[in-house]
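The following pair of complexes shares a single chain, subunit A, combined with subunit B in the former and subunit C in the latter.
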Partner chain A sequence: MDESQLPALLQEALQILRAERMEKARVDAIIDNWIYLWLPDVAFDETKYPPPYSRSLWVRIPLQFPFANPHGIITAEPLNPIDGHPIRGHNPNHDMCAPVRNLGGSQYYSWTWSGEIGTGPSLRNPRDILGVISWVERRIRQA
Partner chain B sequence: MGREKNQTGLKELHLVITKQLQDEALSYLFRQDDQSSFLPERGFLGVIHSGGGVLRRSLFLRRIIPQQEGWVTWTNHGLSFDPAYFSRALDAVSESALGAGLIIVHSHPGLGGSINTPPRPSKPDLYHERTLLYHLSHALPPGSPVAAGIVDCSGAWRICEYHWPRPATAKEARSKRFGINSASHSDASAIRIVSSDALTVYHYGRKTSIEADAKTVDSTLRLWGSLGQQILGNLRVGIAGLGGVGSILAEFLARLGIGELVLVDFDIVKEENLNRLVGVRREELGKPKIKYAARICRQASTAAPFKVRTFRGSVSERDGLKHLLDADIIMNAADSAFVRQVLDHVSYAYAIPVIDGGTTLVVGARHGETIGKSQTGEAGPGQPCLECTGAYTQEEATLAREDPSTVGPSSYVQMIGQEAGEEPPRAPSVISYNGLVAALMVQRLLSTVLGLPPKGKRGQQRYYVELGELNWGPTIQCKEGCPKQSWVGLGDSHPVPVGVDPLWKKMRQQKEANGS
Partner chain C sequence: MSSDSVKTETKPEHEHEIFVGDIREEWRQNQVLASEIMVKAGVNDVTSFILEALDKRNGKAVAEFKPTDLVDLTLKDRKFFRITPGGGGFS
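And now, the complex of A and B:
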């Protein structure tokens, strides 16, 4: 995916993410206002989820990051917590998966930055992309 | 040296400066301690940014670069700038956001005429500014703006921007085609001075004739006089959204004598709009709202000449926004957090005051009662931003970027009581509340451009539907950590968060499918 056309602030955020947290993170799709950012190594809480405890998924990041918030994640398999409780916002085979369906994305979780577990940290600069990874992990832990 | 069209191809050039910087510039150039009858010329270097709309390019003076004693000296041979000052200026540009450039400003003491008439450069002025700027432009990154300014003691500015073509090869660099005389240049036709409670636009060489229509504006002339009427006649106001509020606004402004309106909206007139679009005709059903609004404005206008420009598009997309970047002041009547966020950024980066308004009505929310509020606010240099005053949140602006059909009932943005597969209900809209909001927005504009009451007010003005009370909101400055005031005058260097408007995209797709 050609990232040179992405807005400068988002390009900077991706550079920071790769340099400091996830070297192999990649942009798999750009649709309207959103990129589908593949995160190869997201930590799952051992007390709440079965193995593997490191999984990959996509998070939808706005092209206007950090002036707009991430919205939704997409996974290849349902999250399926150990206790089997249904996860709110789970939409199997939702249209939002379409841009990464050919890569296996099929489970959409329509989580917003200001969801039920409280608002994520305010986003002000490209470095805040690191907080997005923590938000994804926290959101999965508390789902 | 005659006027030429500059390389940007835009017809107008404005200088934009905050009142605070204007005062700082005048204190640099005209000192109280100058006792001699022969007043020296003074000067400074400043960091500028640029930004363009469809017709107008603006230069924004961002900061005056501090100088040490002896860096700018007045001698028998004229004003001299020390190389150390230029070196400091180039450092200041490299410390600034990408796209920064430089302006060389000097004073013409004792020659103050009218603030509406720019000082005239002397032949040595023209020679020196061209020479200095040629060398500076080659020391700056390609594309950096360079300009020269002269200020007289009335506070009038003469601004000239230069563009030199950049040679691609060493051979070209030696060619006359890239020499000092290869510059194109353009003179500023206006200066806009923006402060927390006022917008002052000085147009050079433009005068709106109101005599022919004096009878039609007689009642307002009694209030603000012919000077006030001329200010309105010289003003270009942008309106985002020509629905219930925007269409009333457009007519109000045309009747008041605003000289030019720029209308941007993508929607069409539908049956459900007939109860609130003032003056709309049934035969206009299915036509773009901008066309109907432009017709009303032309019929209603009292300014001579009067212009109305329309663009069918969304302000949250780059092409729609560009039209509003030509405006001196923007009225937002688009009920979209995405648009509010975009215009919030614009109000600071481009120093264009944005007056925002809207109404939220909730039917049966409390004991079956209708509650809600109409609110207006103004963003721009020195004013609290729309986000900090609660006109929108970043989350609302985020979700407004989604295709409404994909933000389905199983997401957290599902409306309370909404069933799966159900279309989100239309927000209630009543012409009387729209009229109230439009009136408050126009009062705010008159306060900003003419100094009418309420003066010096900041933040939101709110009408509480259930109480019938009009109050001011509690927020009068941006919250701690809000960066927007630091964006003032960044122009195109600031990444305004435009994107794809999902509603307009859907309508475009339908248009294409229908072949219309």
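And now, the complex of A and C:
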């Protein structure tokens, strides 16, 4: 996907992400002011999830990043905690999956940056994309 | 995952070298508030962040601490940390 039309700060964030955390991260869709950012190796807690402990998924990042917050992740398979408890915010085959459905995306988790769990910090810098990845991993661990 | 504050054993204090991301910190105390570690790493408002202990540099999180939690630097896997946004909700 041509990323040259993305806002400069978002392009910078993607460069930082690839250089420092996930070299093969890529943008798979740009829809309605959001990008669907594919993360190839997100860590899953082995005490809470069965293998594989590194999985790929998409996180929805606003074009206005870092001045707007991520919202939602999409996975190919449902998150499947070992104890079998339901995951809050799970929407199977939701329309939000449509931009990456042809790539296998089928499970939408409507997770917000702030809400019942707490208020997320203000984002200010393209480098905050690294914190977003940690946030995704923690949300999955806490889900 | 939980705070280390329940640990009661007393050990002699000595210098602890830790890394918060790439930032190196030294602590003389054995037990340090997570907020102090985060502030020293440059976070101004720690209230919406979580300190995560990693199994290795840039590794996976093995414990997490709210700002008010005590971190026992004498324990295993208390050398590498990262600061993670702590909020969240559902829509």
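Operating definition for what follows: the second predicted complex is superposed on the first by the 141 of 143 C-alpha atoms of A that agree within 3 Å, B and C clash if a C-alpha of one lies under 4 Å from a C-alpha of the other, contacts with A are read in each partner's own complex, and residues count from 1 in each chain.
Rule of thumb we're sticking to: a residue touches a chain if its C-beta (ideal position, glycine included) is under 8 Å from a C-beta of that chain, and two chains touch if they have at least 3 such contacts.
Bear in mind the structure is a predicted one, so any value in this text is a computation, not a measurement.
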Pick one for A:P121: touches subunit B only (first), subunit C only (second), both, or neither.
second
Classify the contacts of A:N91 with the two partner chains as first (subunit B alone), second (subunit C alone), both, or neither.
first
By the touch definition at the top of the document, which applies to A:W111: first (subunit B), second (subunit C), both, or neither?
both
Now for A:S134: first (subunit B), second (subunit C), both, or neither, which partner does it touch?
second
Of the partners subunit B and subunit C, which touch A:L9 in the superposed model: first, second, both, neither?
first
Answer with first, second, both or neither: which of subunit B and subunit C does A:D83 touch in the superposed model?
neither
Mind working out whether A:A43 is in touch with subunit B, subunit C, both or neither, as first, second, both or neither?
second
Identify the partner contact of A:D32: answer first if only subunit B is touched, second if only subunit C is, both if each is, neither if none is.
first
Output the subunit A positions appearing in both contact lists, the one against subunit B and the one against subunit C.
71, 88-89, 110-116, 119
Sites on subunit A touched by subunit B in the complex:
7-9, 32-34, 62-64, 67-69, 71, 88-91, 94-96, 110-116, 119, 122-124
In the complex formed with subunit C, which residues of subunit A make contact?
21, 43, 45, 53, 71-72, 88-89, 110-121, 131-132, 134-135, 137-139, 141-142
Touching subunit A in the complex: which residues of subunit C?
1, 45, 48-50, 52, 58, 60-61, 64, 82-91
Inside the complex, what are the residues of subunit B that reach subunit A?
341, 345, 393-395, 397-399, 401-403, 405-408, 410-413, 481, 483, 495, 497-500, 502, 505
